[in-house]
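Next come two complexes, and both contain chain A; in the first it sits with chain B, in the second with chain C.
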Partner chain A sequence: MDARLRRVNKEIADCKKDRTSNISLELIDNSPFHLRGSFPGPEDTPYQGGHFEVDIIIPDSYPFQPVKMKFLTKVYHPNVSSASGAICLDILKDAWSPVLTLKSTLISLQSLLCSPEPNDPQDAEVAKHYTTSKGSFEETARYWTHIYAGGPGAKDPKGSKNIRDEVAIAGLENAHVDQFEGLGFPRNKVIDVLRRLNYRGANVAQISEDRVVEELLKS
Partner chain B sequence: MSSDYEISDNEGDYYDSDEMMEDYQNDDQDEDDMEMDDYNDDFRINTGPKRKSYEVDYTSLSQSSVEESLKEDVDHICGILGVDPAVAALLLRHQGWNKESLIEKYMETPTKVLVDSGAAVPEPAREPIVRAHSVDRSAAGPSSRRAIRSNSKLLSSLTLPTRSSAQKSISSPAASASKFRKDAKSSEEPESFVCPICFDDSPELKPVALDCGHSACSGCWNAYTISKIRDEGEHCIRCMTEGCAIVAPDDFVHNILVSDAAPPGSDTNENLVAWTRFQELLVRSFVSSNSKLKFCPYPGCTNTVSCPSATSKSVLTTMVPIVSCGAKGIPRSANDKKPAPSSPSGITSLYDKEHVFCFGCPIESDHRPVVCGVARLWLKKCEDDSETANWIKSNTKECSKCQSTIEKNGGCNHMTCKKCKYEFCWVCMGPWSEHGTAWYSCNRYDEKGGIEARDAQSRSRASLERYLHYYNRWANHEQSAKLSVELYAKTEKKMEDMQITSDLTWIEVQFMKKAVEEVEKCRMTLKWTYAMAYYLARGNEKDLFEDNQRDLEKAVEDLSELLESPIETENIPVLRQKVTDKTVYVQKRNEIVLEDTATGFLDGRWKWNVSVDGFEDPAEEVRID
Partner chain C sequence: MTSKTQIQRLMSDVQDPSDFPQQSEAPGLRLLDSALRCTICSELFDGPVTLKCGHCFCSLCIRQALAEKQECPACRESDVNEGHLRKNPAMEEAVTAWKECRPYILRILDENSRRVQVESSRPAKRRRLHDESGSTSEIICVESTASQDSSTPTHSEQAESDTPNSNKKDTQSARPDDLIDCPLCNKRVKFKDINRHLDKQCRDEPEPVRSSSKSQWDSILGSKSKVQSSNKRQKERVLPEDVDDSLPTKSYDTLRDKAIRDLLHEHDLLTTGDRKTIVARHQRWVIIYNANLDKTHKMRKSLTSLRRDLRDWETQQKNKTKHDLPDPTAYQIQQKSEFDMLVEAARPKETSSAIRQTLSRHGQTELSDSSRSRTKSLSPAETVIIVDCEGEI
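The block that comes next holds the complex of A and B.
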């Protein structure tokens, strides 16, 4: 039997057997080389309670070349692209080793959620948010977990609303958005510009209102 | 260079003793020795007793001779540090082939250097993991085996099929690896070997491991090694286990790819290609970390050129190190590589260009006479500017007040500069206000404002014109060189026919080939003289340079014309005489240009009108505006 197929089958079987790690693998369109993995968000993090799904593609030269993984669930994390789910993790690139398995890689993803690496970001905007104001970042990450990963409601009472709160998704303050919306700019545009400028925490004092208005006029 | 000196030193000693014994034979001896010397350097292309001032000393090395000097370095380190060749090779590779720094560091902290290079396991070694679930890292045992052990000894006992029974080969990585470990392991030896990579457990499986003892089946090692070499171009093959930094020594790679230890099911051809590539990668890493060496940039070529005199950046302001690896042409596929330069390849067509390149910069052609810094400056300018400049020249004018470039986008000649709001007339470039109420009063040429405006414009235009002057000549020579080679292809055919129909010998119809080669060579020189002239500061030196340039250009054009004259059997002798004479003259003119510029660089005679790396900044007044 093909070594790659044997190995992947064994890995899937192992994962099924293992009840302790809470990691699951399932086939997508009946090919063992395209899988969907999922794991629970790690405890004591903003991702707690969420259920995260990962798209897994096994390349032809597996296990000698790394698997291709990306998040299917939207994740607010410096090392995960908030738009595409692409992941920046060394073991998925040059630090890959053939003894690593799908399970161990998914566990590594889980631990990546515990320990963000903002100095080597995949998503620069999220990383900036993380470095300027960790509290606000965590709140946003929690909100994303709630709405995208089925996590529990955020502490903020706003979270209980059924409609998605775009301001919270962008990790901004309602007061700031209202302030510029009051000047006559459309709300979604204000959110977009403030997010891009990282108008959060200590940064708010440093970015002048004129600068924001200038950006708003530009776009 | 250094080796040359060594040789001559030896000779000196030899003479001394000789002279005492047989004085009368001295003259003969001298000559013999000179010849011997030439034979010793059989890769030297640039022979001849007197090197011209525009040439550099260099040696072309084939891959195998680079491998030899690589091996010499390894042996040298073996001797000094007392380690195995395999370990020495790993140490050197990790230190970028810097012997001095390696020896220094090794003397300070041998263990650290060994561990960093992937030649030894770190001191508190992890218990080797043989079972399938190798990711389980809690298995780190308290084993305290010695950190420094030879890779290769272990290797031979592991990769050779010494054990007959399958049951035994299961425990072989641990058992044969070291006797220290055997006792520790025996209690928990697995029932049968399961490769942690492919999860195969068939009894024929042969476990293979590096010094660290992390075993996998030979099939996986083979596939892994090939994937690293072919897909990643990596010569540093680490152990497959995560976090293990042990690097596979060369003989391990050799064994797993092309010896008995190679897995039976693997593709022999693929293995061989990977092994060849591995050796190439090693040579490349050696060459690239040695400033005296440069890999031939021509595709498919595996030769290396050694040019010790052009290693420092500062000499590049006084010389142009143009070298050739000696090989010609470009192989059609990577498989049919050209033979080493030492074997003459017989008659070559003009299309089989010699691999000429610059040792000092990335330009893959002969850019004499101009030095690297200026040549690069020029190429960059051409890349950025030429097309744009041509377009600007034909489509725009500059505002006579603020000099912004303006494209006319409507029919009306009343222009308003977008930048400075200056209003002017497109036809005469004078201020619009002087046109009064009449639309086209600028038919009078001598209008005062118009003249001034045109002056301002012509000044800014001049620099563009100046650039285009040089660029067009540069491009023209390149084009002409190409065309003359193409023309020769046709002529060659005709000459061959003539050789058959007439009583001319082969050697008698070769004059054309030589002439075309010379023309091409000179056009390359001419091409670069325009790059040089563009940047040369005004003055007597530049005038002299341009005189030489003109003489060469005139001679080359004459010869070019001769080459295109009709060939008839009856006028061949006359034509031959003319062409040969002209070729010799052109050759001489070319040498004069090259020689004069080269000495100019050595004397620091050339001054530039821009600032060039390594040269003095130009004086204010010679700068182009």
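The block that comes next holds the complex of A and C.
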């Protein structure tokens, strides 16, 4: 049996036996080289209470090349693409070391959720949101955790699990969206433009309404 | 369902530190087992070598890792290369010993836990079970000592070096013609005669000293010279394989195909295949050859088995890369229509408004990046399905 398979077997077994880390691994299809890992969102973060799943592909030259990981669960985080789940983390790229394991890498992802690195973003818009207004960012992240990762509800319970509030998902304020919708633009277009312009928090004062309307007319 | 059984099947073959009970039950055993394992392959060290920072790995593992990146995998000390590797024979010895006693300790632990079970449940029925386990254990025990003999110092060496007061060992390992000390009179008596000697209360005719010492010397010299000659013979046989010089790494870019084939030919390796194949083959050969040299002599593999390893490795590589496209341009032309659709889908400005709206209504940030990266990995059919799903959301 080749060394890669032996090592992966041990790693799966190790995760099964370890009850303290709360990290689980399971096969997606019949290949032991395509796995699904999952871990709970770290406490005292907007991701608390969520259950995050990660797609894991083990390359041929593992452990000498890094594993390929991406989030299957949608995550609102500067270093995770909000659309594709792609992850920006050094150990998944050039800082990989063959002594790292699937478990330790998943734990690193968990701690990435604790400490976002907006200066090296994967998702530029989320990173902008994070740097402009951390409070608003956290609210959105909490909302995403609630909607996509099965986390506890956001602070206003009006949005039940089934009805997804697009404004909240985009991390915008209803008042702003309503304001431009009132000018006669379609709602989804308004959300799109406001999100792109990062029309949040302190930024609102800096972006003139004319600028927004201009963008709305352009798109 | 299938995946579950597969995992069980996979796990049944796994040997790792968790085979031992927890720290509280059997202090140190788990730690010992994991300390003797390479952190790269998580197997017990095979030809352990140490880097200048002191971290230890299997020679083969660290050589492969250094080929990717020149740093210590454990502490990331930079600027390390294969020249910094130092053999660690002490560790190798420890691992060899641990490999030998690992099953033995596991068996003892197993018996112990079973005994605890037996004591806590009905004794009559379980005693038989206990006996059974006892008898099987004896068999295993014999096997394990037998295998021990082959790797520990030979009997003759032991007999020479043993002190007279290690009586028990002497009687165990003595052959009928060996001379041993009589426990009563301390005379040297042949092992086969010791009982008669004791029955006569040490008053039998002692063996003529001269002849005994002569025969003793003879046997020693004889056996020694025999050992020497056999060693010599062995060395002669092994000599061509027993060169201690490691192979240098080559810069293949400066070498013509012919030169690389010559390098392979030097070691009796296959010289077929294109440039990429023969370079990979030679690189791998250098790694496994040098890794083999990091083991102590008796643990080394023969060149023939190294060649077999290389062949196995190559077939594995072939299996892994069989999805490679033989002709990328032809594939590109053939799939052009699909690529065009993907490119279309990846450009938000030029996509149909329907797709863009579903995407944007869904609150996608980073539209261009997201849809591009997403569609890249999907066939057009899948893309459509995903867009549909999101539409429902």
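Quick note on the criterion: the second predicted complex is superposed on the first by the 213 of 219 C-alpha atoms of A that agree within 3 Å, B and C clash if a C-alpha of one lies under 4 Å from a C-alpha of the other, contacts with A are read in each partner's own complex, and residues count from 1 in each chain.
By our rule, a contact is a pair of C-beta atoms (placed from the backbone, for glycine too) under 8 Å apart; a residue touches a chain by one contact, two chains touch by 3 or more.
These numbers come from a predicted model, not from an experiment.
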| item | value |
| --- | --- |
| Clash or fit (per the criteria above) of chain B with chain C on chain A | clash |
| Residues of chain A touched, compared between chain B and chain C (which is higher) | C |
| Touching partner for A:R6 - first (chain B), second (chain C), both, neither | both |
| Chain B versus chain C as contact partner of A:L216, first or second or both or neither | neither |
| First (chain B), second (chain C), both or neither touched by A:L35 | neither |
| Contacts of A:S82 with chain B and chain C, given as first, second, both or neither | second |
| Touching partner for A:P98 - first (chain B), second (chain C), both, neither | both |
| Which of chain B and chain C A:V67 touches, first, second, both or neither | neither |
| Overlapping segment of chain C (options 207-215, 243-251 or 369-377) - the one that collides with chain B in the superposed model | 243-251 |
| Residues of chain A at both interfaces, chain B in one complex, chain C in the other | 3, 6-7, 10, 63-65, 97-99 |
| Residues of chain C touching chain A in the complex | 2-3, 6-7, 10-11, 13-14, 16, 18, 39-43, 61, 64-65, 67-68, 71, 73-74, 76, 316, 320-321, 357, 360-367, 369-371, 373-374, 393 |
| Residue numbers on chain A that touch chain C, as the complex places them | 1-3, 6-7, 9-14, 16-17, 26-27, 29-30, 32, 60, 63-65, 81-84, 86, 97-99, 123-126, 164, 166, 169-170, 188-189, 191-192, 195-196 |
| Contact footprint of chain A on chain B as seen in their complex | 134-135, 196-200, 214, 216, 219-220, 223-224, 227-228, 231, 240-244 |
| Of all residues in chain A, those that touch chain B in their complex | 3-4, 6-7, 10, 61, 63-65, 91, 95, 97-101, 103-104 |
